[in-house]
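So, here come the structures, one by one.
Next come two complexes, and both contain chain A; in the first it sits with chain B, in the second with chain C.
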Partner chain A sequence: MSFVLGIDIGSAQSKGVALDDQGPLGSFECASGGNFKLTAEKVKEELFSRAGRSADNISRTVATGYGAKLVIFADEIKSDIVCLAKGISSLLPSVRTVIDIGDLYTKVLRTDGHGSVHSFILSGKCAGGSGRILQVIAKVLQVKVDEIGELSLKSKKRVEFNTGCAVFAETEAISRLSQEVTKEDLLAGLHRALGAQINNLAERIGVEQDIAMTGGGARDIGLVQALKEIRGHDILVPPIPHMTAALGAALIAREGLKR
Partner chain B sequence: MAEEQKEAKPKKRMTATKAAASIGPMVKEFITGTLQAKAEGKQKVAYTFIVCHHEEIFRALDVIPVWTENFAGICGAKRDAERFLQRAESLGLSRSLCTYALCGIGFDQWREELGQMPPEAPWGGQVRPDFMISSGQILCDPRSKWYQASQQFMPDVPIYNIDLPYPLFQENRDHREALGYYHQYIVKQLRGLVAFLEEQTKKKMNYDRLRELVDLSDRTWNLIDETYKLRRAAPCPMGTGDAMNTMVPINFMMATQKAYDFFVDLKKELEEKIAKGEGEVENEKYRLMWGGGLPAWYALNDFNYFNSKGASFPVETTYRMVAPLHEMDIPETKDPIEHLAWRWLGYWTFWYDKAKKRPGSEPDVERLINWIEEYKIDGVVMHEAFSCRTWHVGLIWQLHQLAKIYKPIPVYMIGKDGQKGKVYRELPSLILESDIIDITSYSEVDTRNKIDAFVETLESIRANRAT
Partner chain C sequence: MIDKENNIFDTVKNYYNDYGFRAKDLKREGKKFIGYVCSFVPLEIITASGSLPFRVRGNIHEPITKGDTLLETIVCPYYRSVFDLSVKGEYDFLSGLVIPHGCDSMVRSFSAWSYGLPFSYFHFVNIPSVCDESSFEFFDAELDAFRKSLGKFTGKAITEEHLRQAIRAYNENRDKVRALYELRKADPPLISGTELTMTLTAGSSLPIEESNDLFDQVLTEVKGRGKSPLKKGPRIFIDGACLDNIELIKLVEELGGNVVADTICNGARDHFPKTDVGGDPIHALAHRYLDKINCPKTYRANRAGTFEGDIANRFGDVGTYAREFRVDGAILYVYKYCDPFGFEVPARKAYYQSLNLPLLHLEDIYSAGTISQLRTRVQAFLEMIGQ
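Now for the complex of A and B:
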């Protein structure tokens, strides 16, 4: 019986999935913090505990994400692009385009349903088009990042956000709050602006349906809704969207055993 | 004034060919040569731009062209552009303008302010010109404005502007209908340049010499074409990383015997490498095309990074500023100026007829498709340099159009009905983003993450390719 791990060390959150031949045994998520090596160890130990297995049982580990190179116990490192394609193909095989909203980047990739990537694009260095902007705004509004989606959907009069820059967005948010704009309307405006930026990125490589959103940003229902409205059609979201790359890494690890 | 500091020195890029390795010293010799010539005062020195088909006229009148874009590129490659960019910014110029121009203007202003070269100027610095010859062609507005800005600090240095248009591609119209008018206009422009240079140098044009130089350039063009076509071999003996060196004789040394001899040597070297089965990469796994965009001069090591993943670059659209002359409609003429004008038009309209034969194609897209097939390309890499609108606007459109009309990769896909079917998909592509010389726009970690993901994509496509 194989026992494999997929570990995704992101710039903000680290995720892990344990699999055996039958399917998932457990998953774990924690903040990445400043020491990726220690975080990777922590994810591994927690996965052992949740799966009820020990280091002796492990067959293979694949690491991915920004800090993948610091997962020193990994047998293989794969890019998150490839892992996302693999992960989504097992969760939602009809998906041809994945939009992954991470803390550091937004990634758009086109896949074929088998887990093979056909093309991809990443947002640039600017944080304006990534999930980081959501954290920045949550801090300004003094709400939890998990709450901003619901708040945004309650908006009655969405404000027009003028900027796509994370730094300017913070300034603009503060300025709008002083004009007594509600948190709900402000968040709806931000989601719209961010959604438009993400959509532009996706259009650069062409979009094929079905589309799925993954990554931490896909947990924000306000952002998902904004993107749906901009595109004018449904967007699928897997049940635990931020685990997609870790799941893909684990699936690649399991496939590696068969080679 | 802006803080003037130098950036960390880059690691030297490994070249695949001896010819490419010889370019650095050659450029240094050229830069120091211009300084010496100016000091001796025997020859006039002119600022000017590449790809204007006018170097034969310069050389026939013993004028030394100083390629200002080249000097900015050198500053970038040496990671020593930032202090000149900052100086230009402190003069009120925006960083979003062409950074070649900003670097040149910042340097010129500093040199003029000091009355001598700025401290530790790269390779001795850029010489003060006797005059400046600009040309925006029809594609680059900073070329028209750059010298006007520099002239603020050198009011005694005259500018002569030449206009070099060419007919734009129209799917339903034969460009030859208007070619004669364009030709007459360009001939007039070039004759105006001759008159200006004669006035500045106090010399009369020797048309026999000009004819010889034009002939030398033509022979060099064909030789370059033959040499670069050798890169179709697998494994590819020389990649785009090296071509970013060997662009020097193509763009800065035309109409010289040295440029011709360089390509004689390079051709021989490539033939030898092919005979021995030596490639740019030891185990060539993927063949990529540099499908557009000027390179990030401070990050040429990224080509080595691609190589380390088994990827070679047999062909690039950037700086391959020649096309086989025998495939162009160039009428016979004994007048070298007329010939230069025909060659100019022949180069820019080279892909027009081919593009018309493929529905939805355009000349730039057609070139990509032809070279993808000729060089057996697995993927296309482009670089979007934020500060260069001229060469970079349209790159994404080209990729879109390429993906739309050219789908060479067979794959099996599961349809909505759950059935597996064979479909054809486009070539994968990678878009890198930074700048030509502004290193603050570049992230090595980001770039290499993208390259890693792209190489894994190529691997994934190969594994899933339908037979």
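Now for the complex of A and C:
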């Protein structure tokens, strides 16, 4: 049996998805670290060893993400925008707008449900409006980043947080803590500010429903909830949202085999 | 994409990489170079004075280390880089500097240039912000004042005949640039965007006669290619201000696109409009520089009465080029804090939408440090229009 591999080397996390003829074979995720070439090897080896298969049987690999060109064993490199559209078309075909919250950028793209991209926009050069702020705030509050969503939903009196900038957020959070606001209220305020910034970005290219959130930021239920409230309608989140681009890369690899 | 056997492109590369070396040689022979920034300085008047115009450039690979001690960082990063290089002595071979009212950064920082640099001649050309009858009356007088000021500096009055000669030489230069652009119409183009931008940038460091010779040699070389050395790919249009380095265009071409047309200052904006011949040369120059150069710095009243009509009037050159060069997609490249372009972005986007032309809007700082971020966006854009 032959396999295809989609590998997404992000600025913070690296992800891999392998497919066989039937469907998903497995996935693996680890921190990207400082050496993208080694990380890419690790994703491939770990994924296949955990699936109990040999990586020698990979027929085609498509790489995406910030470190894609350092995946030396890849047969093809595709942009994460195109991979996200492909991934979401297989997971949630009704989706026409994808909001992907990564560590380095937030990306918004419009798609037709079959993997074609109509338009896209990325957040600016700095980390403002990206998922990085969630890591920063977790460190300030000394909680795990996976916990901040639950905490945020418990807020009784959300603070008005003024910044979506990862650097100023730290300063503002410390200043709020000195005013004795709770972690929960602070996080709810931060999620609201970040959600508003992401929504502004999305509105710049126009939004068509259904909307999905993907990327590591979509694992934060507090942020998803904030964006739902700002927009006033539901937002879909695939089960493993941060694997969407890697899945798309794998699907593109499979199409490449048929060509 | 530059063929190693083509020695003319080796010459171009030398002029581009060691920018100003020819000017330094000529200075030793007693020539005077007058530096300038922006598309709005009438180079014909400088040439007619017997001095030689030299376009000062920035350097995206050079960190700004001194300029920011003399200029606030609210100025656009391109202009800060040009200023930084200048105060660090890069252009000390110049005898003078002319700055036009091309944007607020230029007018506000003029005094910082004149205090911070060791030149014996400084002149500020006041360009009207509108294009009415009274603007031309004013601009005629302003250019005449520039002519007299330069004549006083060189010790030789600039006559109408000097001006006519210079106008002819620059019109000839613009014809050659047009001919170079014609070679981009083939698919794939006969000349890459990287080669062309390097050539035009090199030309802006040379006396006009040498620039004409260089362009002739490039034309002969490229026409002799017969078959394009490039691969077919999405045909990309670059819309923006001054792009005096090849990095963005090279990136597009490395990722499989072909840059085939532009509005950039050291491209079509500078080189396409010609000066009318026959009448009063100062008036003809005023007309060329004020009206024929299409730059967002000039406010043009909405004569159409509708938004759609207005954007078609203001950005019609984009539509014309897009059709003429059979463009598949456009990149609107704007520097952070560039107010003339910044304010226009929403209207320009609407115009591209009316053309049904895919557009990638990039806001950038003038630094090689952002190439990876640009790569992410350009790659996705090329894939999107290629799908």
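Just so it is clear, the second predicted complex is superposed on the first by the 256 of 259 C-alpha atoms of A that agree within 3 Å, B and C clash if a C-alpha of one lies under 4 Å from a C-alpha of the other, contacts with A are read in each partner's own complex, and residues count from 1 in each chain.
FYI, contacts are C-beta pairs under 8 Å (C-beta built on N, C-alpha and C of every residue); 3 or more make two chains touch, one makes a residue touch a chain.
None of these values were measured; they are calculated from a predicted model.
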item: Room on chain A for both chain B and chain C (clash or fit); value: clash
item: Which superposed partner A:Pro93 touches (first chain B, second chain C, both, neither); value: first
item: Greater chain A contact set [chain C / chain B]; value: B
item: First (chain B), second (chain C), both or neither touched by A:Val17; value: neither
item: Contacts of A:Leu201 with chain B and chain C, given as first, second, both or neither; value: neither
item: First, second, both or neither for A:Asp80, with chain B first and chain C second; value: both
item: Contacts of A:Gly113 with chain B and chain C, given as first, second, both or neither; value: first
item: Residues on chain A lying within both footprints (that of chain B and that of chain C); value: 66, 78-82, 116-120, 122, 124-125
item: Chain B-facing residues of chain A, complex; value: 66, 78-82, 85, 93-94, 112-122, 124-125, 204-206
item: Touch list for chain C against partner chain A, complex; value: 358, 363-365, 370, 372-373, 376-377, 379-381, 383-384, 387
item: Partner chain A, residues of chain B touching it in the complex; value: 396, 400, 403, 411-414, 416, 425-426, 428-429, 431, 433, 441, 443, 446, 449-450, 452-454, 456-457, 460-461, 463-464
item: In the complex, chain A residues that touch chain C; value: 66, 77-82, 105, 116-120, 122, 124-125
